[in-house]
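Both complexes below contain chain A, partnered by chain B and then by chain C.
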Partner chain A sequence: MTLFVNAVITGIAVGAVYGLITIGYTVVFNATRVFNLAQGDLVMVGVLLSYWVLDVQHWPQVAAVVVVLVGVAAVALVEERIAVRPFLGRSRDNIGWFISTLAFGLVIETVVVRLYGNNPPRPVPSPLPSTRLHIGSIATRPQLLFAIGVLVVVTIAVEVFYRRTWLGQAMRATADDRDVAALRGIDPRRVSVIAFLIGGLLAGIGGYVVAPIVYADVTIGLTYSIKGFIALAIGGFGSIRGGIIGALAIGVAEQLFDLYIDPRYEIVASLALLMIILAVRPTGLFRNAVVREV
Partner chain B sequence: MRRAAAARITPAWGVGIVVVLALVVWPYLGHSQAYQLTRLEYIFTGLMVAIGLNIVTGYAGQLSLGPGAVYAVGGYAAAIVANDHASVVGLAGMCGVALVASAVLGLVIGVPSLRVGGFYLGMTTLFFALVIPTVVANLKLTGKEQGISLLANIDFHQHVSGVALYQVTLAAVLVLLVLSWLLLESRLGHRFVTLATSEELASSIGIPPYRTKLLAFLLSALPAGIGGAFYAYTQQFISPGSVSPQLSIYLLAACVVGGFGTVLGPFVGGLIVIGLSQYLGRFEQYEGIIFGVLLVLFAVGLPEGIMGFEPRRVRVRPVWLRALRLPGLGGPRVEPVVRAVEPSAPRPAAVGAVAELLSGAPAERLEARNVSRAFGGVRALDDVDVTVRPGTIHGLIGSNGSGKTTLLNVVSGYYAIDRGRIALGGARIDGRSTHRIAAAGVARTFQTPKLVERGTLVDNVLVAVEQRGEVRGRRAAVDTARRCLAAVGLAERADERAGTQPHGTRRLVEVARALALRPGVVLLDEPGAGLSAPEVDVLRDVIVAIARAGAAVLVVEHNVPLVLEIADEVTALHEGRVIATGLPGDVAAHPDVVAAFLGANEGLVS
Partner chain C sequence: MMKRGIVSSGARFAAVVAVAALVFSACGSSGGKSSSSSKSSGIPAGDIKIGALLTLNGPLAAIGTSQKVNDAALVDALNATGGIAGHPVKLIALNDQGDPATAVAAAQQLVSDHVAGVIYAGTSATVTQTVPVFMKSKVPVVMLDPLDQWDDGAKYPYFFDNYPLNQGTTDKMAQFAATTLKATKVGVLTDGSTFGDTLLSDLKKSVGKEGVHITDTETYQPTSPDVTTQVRKLQSSGADALVLFAAAGMGHVYDAMRTVGWKPPIITTAASFFDGYTSLGDLGPTAYSNCAVALQQGEQPDTGMADVLKVVTAKTGVNPSVGQVVLTADDFKILKSAIEQTNSLDPDKIKHAIEGYKDKSFTTPTIRYTWSATHHGGWPNSQMRMCKMTPLGPYDLPYIAG
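Then we have the complex of A and B:
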């Protein structure tokens, strides 16, 4: 039972990081109709920047937060300019961005692999003590609870941004109808830049939070991108809450798979979830079928 | 009749032939060392996968990002069987095993993910490409990290080896290439290209989208599986490193660089990209950067790829030598051609031509009874009754948002109805899928014309002729397509490319395509919008001719004088409700209609 509860807590914590990826996807997707396949690689950049600041440079945690957020957001903005903006003006059912964001992720990954070298993942220091926290009979790592807390705070912040600020409402308007929003004086290019800025910050936060859990692993990018996608497939595209629930489901499913089946095949857990959701409820749990436009 | 022009070899094909000849003679130019041949054979296996990828993504427009997954499964299946039964299984046996394995995986991936559509196929395939290396690295069956070495198996012999094996592998690539070319020129290929243009368009002419996509994906899996078998046979080895997820991205890069949707694109692009990856030498560590940058550059700057690139001039390719580009990538380059259609068909001829085309079409009454449909809280259709009798024109008028197009869309099956019934000749059609309704004899046009931009006008109509399935033989089908175009006054332009045509012509092509289905019911969605005066004349004649030929015509149109002139009956919609129906003059004079249209007590026609 204790094992089970611990697996669930770890699963929610890992799922929280997937959740940050899905929020990044959703913010960018709603504003630009682009599904940023490099989102997982941006998280990986955050992880490696954390490692560099904390373990190579031995700077304090505050410096890590600043460097990671600024660094990842900068990479996201470069991506927006090079791999996404050229497609924004083109026809609606365009898929060129699909290829270009995937390729941009590949470039980032190769660059980071070259810089990091062919080394096994090294540990990244956590801002929190490594001593286990005891709650009743359950012992858990503070870093895991930290990840869950960060997801809650970020979700609330993004919701408030969308509901309360002018900019957030402008972005929601763009999500509803790009052309009408443009007519109302909302510049779609600016919205795209801001969406990628937010997406980059979210990836940076995710990277900083997950670094002490996964270590400096340069190979996680594409896997994270796809798991984020599966989370959205489970929850339903366009819905922030749906995506988070999907993300938590994947995180927990993975940990339970590790515990009861075989950790070597962990990646199969999310694949199984994807196939089940496609078979049972293809539009996701929280979204109605989209009306086709003719 | 166009065969003479067709024989011309375009520069793209010239390049292809030179490359093939170079590859054929290559081993005789002092490159016949075993390691040199093995390396080239590896590149050839990648070409096979790329040719497959081009079928689903290039022809049918369904993005697949994980071609390496099928390659891996085909290769492992072939290697396992060959390893266990080394004395009996040769190259052919390995290919057979790989074909079965790849078809099974194709179904496992395709059935669930294509049902959803969008980019699910892309993500699911990519995920399989990511999962498979992890799984095979842990399974005992697949030899874990070490993989399977046929070289270490003393029972296994390459019955074909050396230069002969090189030639067999190259021949296999060329056979697949020719098959993929024949596919593009076949009826099925035409369906794929139409589907790539627009799923709505495909289903409106009776092409079942899901089944067609699944077929495209399965057809793309088979060459990939064979590629895997050739990999295992030529390299005599397979391991998790052989099937890394990066491989899938490189194969994608091969098609993007070469040109998705062109026949030779995957071949030329594959030689460049996979070839480069083999001969990068010490730059190998920067492989990901090189191909990533190449992909971004091509996706942004030259989405049609090397073989799809053409200088910006209007050039018509013969029907069987076209190389169609993926419409989704970057959109077509539309060369501005401003030239209005001169109505070349005199009026009585139009009537005769249409009557001939539509002879034998089912004459059935279209009935919508108490039809309601809401979107969210908006009642787009509220208890609507409309009857269109065979041989008559029924005009549907109303302001923007009154529900006219929604009515057309529920009749053609794009939207389900909440209440009521729609019947064709007494048989209910509501609840049927769009392509079945189309097959039952309901043809339509769209507000914004949907055409295969790279195809000629004949190509665009031909797919509808083929879909009807009554005309036997390519020559007869092309001939029918030409007659449909002639009926709307486009005989002269039949071999021009659709993407270069002005708006008015595009609309008339849609009408010709509808005629090609030989429908009993024709739904026209604002056919007159944006047409010049001579084009409107042609259109009017054709619509009248369609009705005279016995079809039931339902026209949504803003040009009220046109509707009042040609319609036998008119229905006026306002905020989803029928406010008047009857003879054109009565409806035009109806006080509610006048109020709804003008908000004042003035007549519609002065």
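Then we have the complex of A and C:
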């Protein structure tokens, strides 16, 4: 029983790592109807920047936060300009951004590998101590609890942004219909830039938080992009809460799969979960079918 | 006219051949490396090419990148002392990307480049596909045999293993666990790679000989952010020691052990010097690895070893994985010795030369090889050792444990 409980708790913590990626996906999708397939690679950039600032330059943690947020946001804005904007504003059926964001992710990986080299994954200093925490019979690391905490704070902040601010509502309106939004005085291009800026900041936060957990590793980008996408699909595209729940569900499913079946095929856990959910609710857990009047 | 006709066509032909022979030998001695040709007329003029297939992408890239730098440094040192038989050595190192299809194409490229030998044909992920390519094309390969598959000289006549067999390694590990650590129950954790699975399979054969019992076997994904579930299962199984067979993601394993609060002795492989070493921390003093190149406590490297390490660390800096370079230096020197002995690049002559080496050392007298026509595994099990992972000695070489 202890093994089961610990696996669930660990799964939630691991799911929080995936959730920090998923929320960035959701923000960008909600404003532009674009799945940024480079979102995991943006998080990877955040991780590597953290390593560079803290382990190579030996700057303080505060400097790492600033450098990571600014750096990743800058990369996200470059991506919006060259890999996404050319495809926005075209017909709704145009999905050229699918290839371009994937390609941008591969470019990021190539550049990072050139800069970091093919060195083994290296530990990144954490702002928290490494001593384990005990909650009853459950043992975990402060870094994982920190990831959960940051995910909660970020989720609340994003939800408040969408519900309570004019800009958040404008972003949602643009996603529904760019042309109508433009007629109402909302500049779709500006909305797209802001969406990617926020997505980049979220990726930077995610990268900084998960760096001490995942190590400076140039191979994590695509893996986390895929897992974030699966979480989004489970939760329902466009639903922030759904994406988070999806991410947590993947984390728990993986740990239980490791416990009872075989960690070698861990990816099967998230894919099987996705198939089950979509079989029961094709639009995802938290998204209702959209009715369009013709 | 009649007198000219008396000179037979056969004589004319012989005269032409003689003149041609004189012309070609003059060209051979005047073009390129005249001094090398005069020293070793059995070897064509020009560079002697040595090939290597290295993984420069993916989770195993840390090992491949390190190998690339080491190999280049060793070749430079070899050329500084005259190369092989007076010919400069040219290293052709190709990236197999850790992918079997790419590796096969790269192997075929090396064959097309007419390499005289290969000092590394890939990791356990690709070597099963590449070695047959070299065997078919009669290209000598001198390297470790990661899967204990090619030591049969009759089946794989051009493959020469200069590293401990996996079975010998796991036998030593089991013996070490039982006699030195007094651990009769071990848990095994692998990274799911062919490398890890092969060692696990061999360990299962080894433990019975020493009265050691495997309590549980777990696997983890190197990219997984947390492996505490697997470590907890091993802890729950009652293991006295952890055997870790992995080439990537070891840092996550050590983190998980600290999180769970389980710090048994760790028995692992030399790959742990490449990946995750800096994360060992407080687990280091009770972590042990098999080691081919090691020192006794307080000992200094001998001259041969020191020369090689000096040359390589000038480019790489001193690091825990550098000791393996001594065996790579032997890879080059074994081929060099065979080529110079036979004055030829003929693979069959090289093969026979290496098969004749008995109790022969190359870089250091502490590593001695014996090959035969039937057995191409040159490393005797009596030289097998286990080492402490911390502290490290000169040039970050490990010390022998027990």
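As a convention for this text, the second predicted complex is superposed on the first by the 287 of 294 C-alpha atoms of A that agree within 3 Å, B and C clash if a C-alpha of one lies under 4 Å from a C-alpha of the other, contacts with A are read in each partner's own complex, and residues count from 1 in each chain.
Simple rule for what comes next: a contact is a pair of C-beta atoms (placed from the backbone, for glycine too) under 8 Å apart; a residue touches a chain by one contact, two chains touch by 3 or more.
It should be emphasised that the depicted structure is a prediction, and the values quoted were computed from it without experimental measurement.
> Count the residues of chain A touched by chain B and by chain C, then name the partner with the higher count.
Touching more of chain A: B.
> Touching A:233, do we find chain B (first), chain C (second), both, or neither?
In the superposed model, A:233 contacts chain B only, not chain C.
> Counting only touches as set out at the top, which of chain B and chain C does A:264 meet: first, second, both, neither?
both
> With both complexes superposed on chain A, which partner does A:98 reach: first (chain B), second (chain C), both or neither?
first
> Applying the touch criterion given at the start, work out whether A:137 contacts chain B, chain C, both or neither, answering first, second, both or neither.
In the superposition, A:137 contacts neither chain B nor chain C.
> On the A-aligned overlay, A:223 touches which partner chain: chain B = first, chain C = second, or both, or neither?
both
> Of the partners chain B and chain C, which touch A:83 in the superposed model: first, second, both, neither?
After superposing on A, A:83 lies in contact with chain B but is clear of chain C.
> Identify the overlap between the chain B-contacting and the chain C-contacting residues of chain A.
Looking at chain A, the two contact sets intersect at 113, 223, 264.
> Which positions of chain A touch chain B when the two form their complex?
Against chain B, chain A makes touches at 35, 82-83, 86-87, 90-91, 93-100, 102-107, 109-111, 113-114, 222-223, 226, 229-230, 233, 264-265, 267-268, 270-271, 274-275, 278-279, 282-283, 291-292, 294.
> Which residues, counting only chain B, touch chain A once they are in their complex?
Per the touch definition, chain B meets chain A at residues 63, 65, 112-113, 115-116, 119-120, 122-124, 126-128, 130-131, 134-135, 138, 200, 245-246, 249, 252-253, 256, 285-289, 291-296, 299-300, 303, 328-331, 375, 405, 409, 414-415, 446-447.
> Can you name the residues of chain A that touch chain C in the complex?
Residues in contact with chain C: 3, 6-7, 10, 13-14, 17, 113, 117-123, 130, 132, 139-141, 144, 210, 213-215, 217, 219-220, 223, 254-255, 258-259, 262-264, 266.
> Quick one: which bits of chain C touch chain A in the complex? Just the residue numbers, please.
Residues in contact with chain A: 56-59, 61-62, 64-65, 192, 218-221, 223-230, 232-233, 236, 248-249, 251-252, 255, 258-261, 274-276, 278-279.
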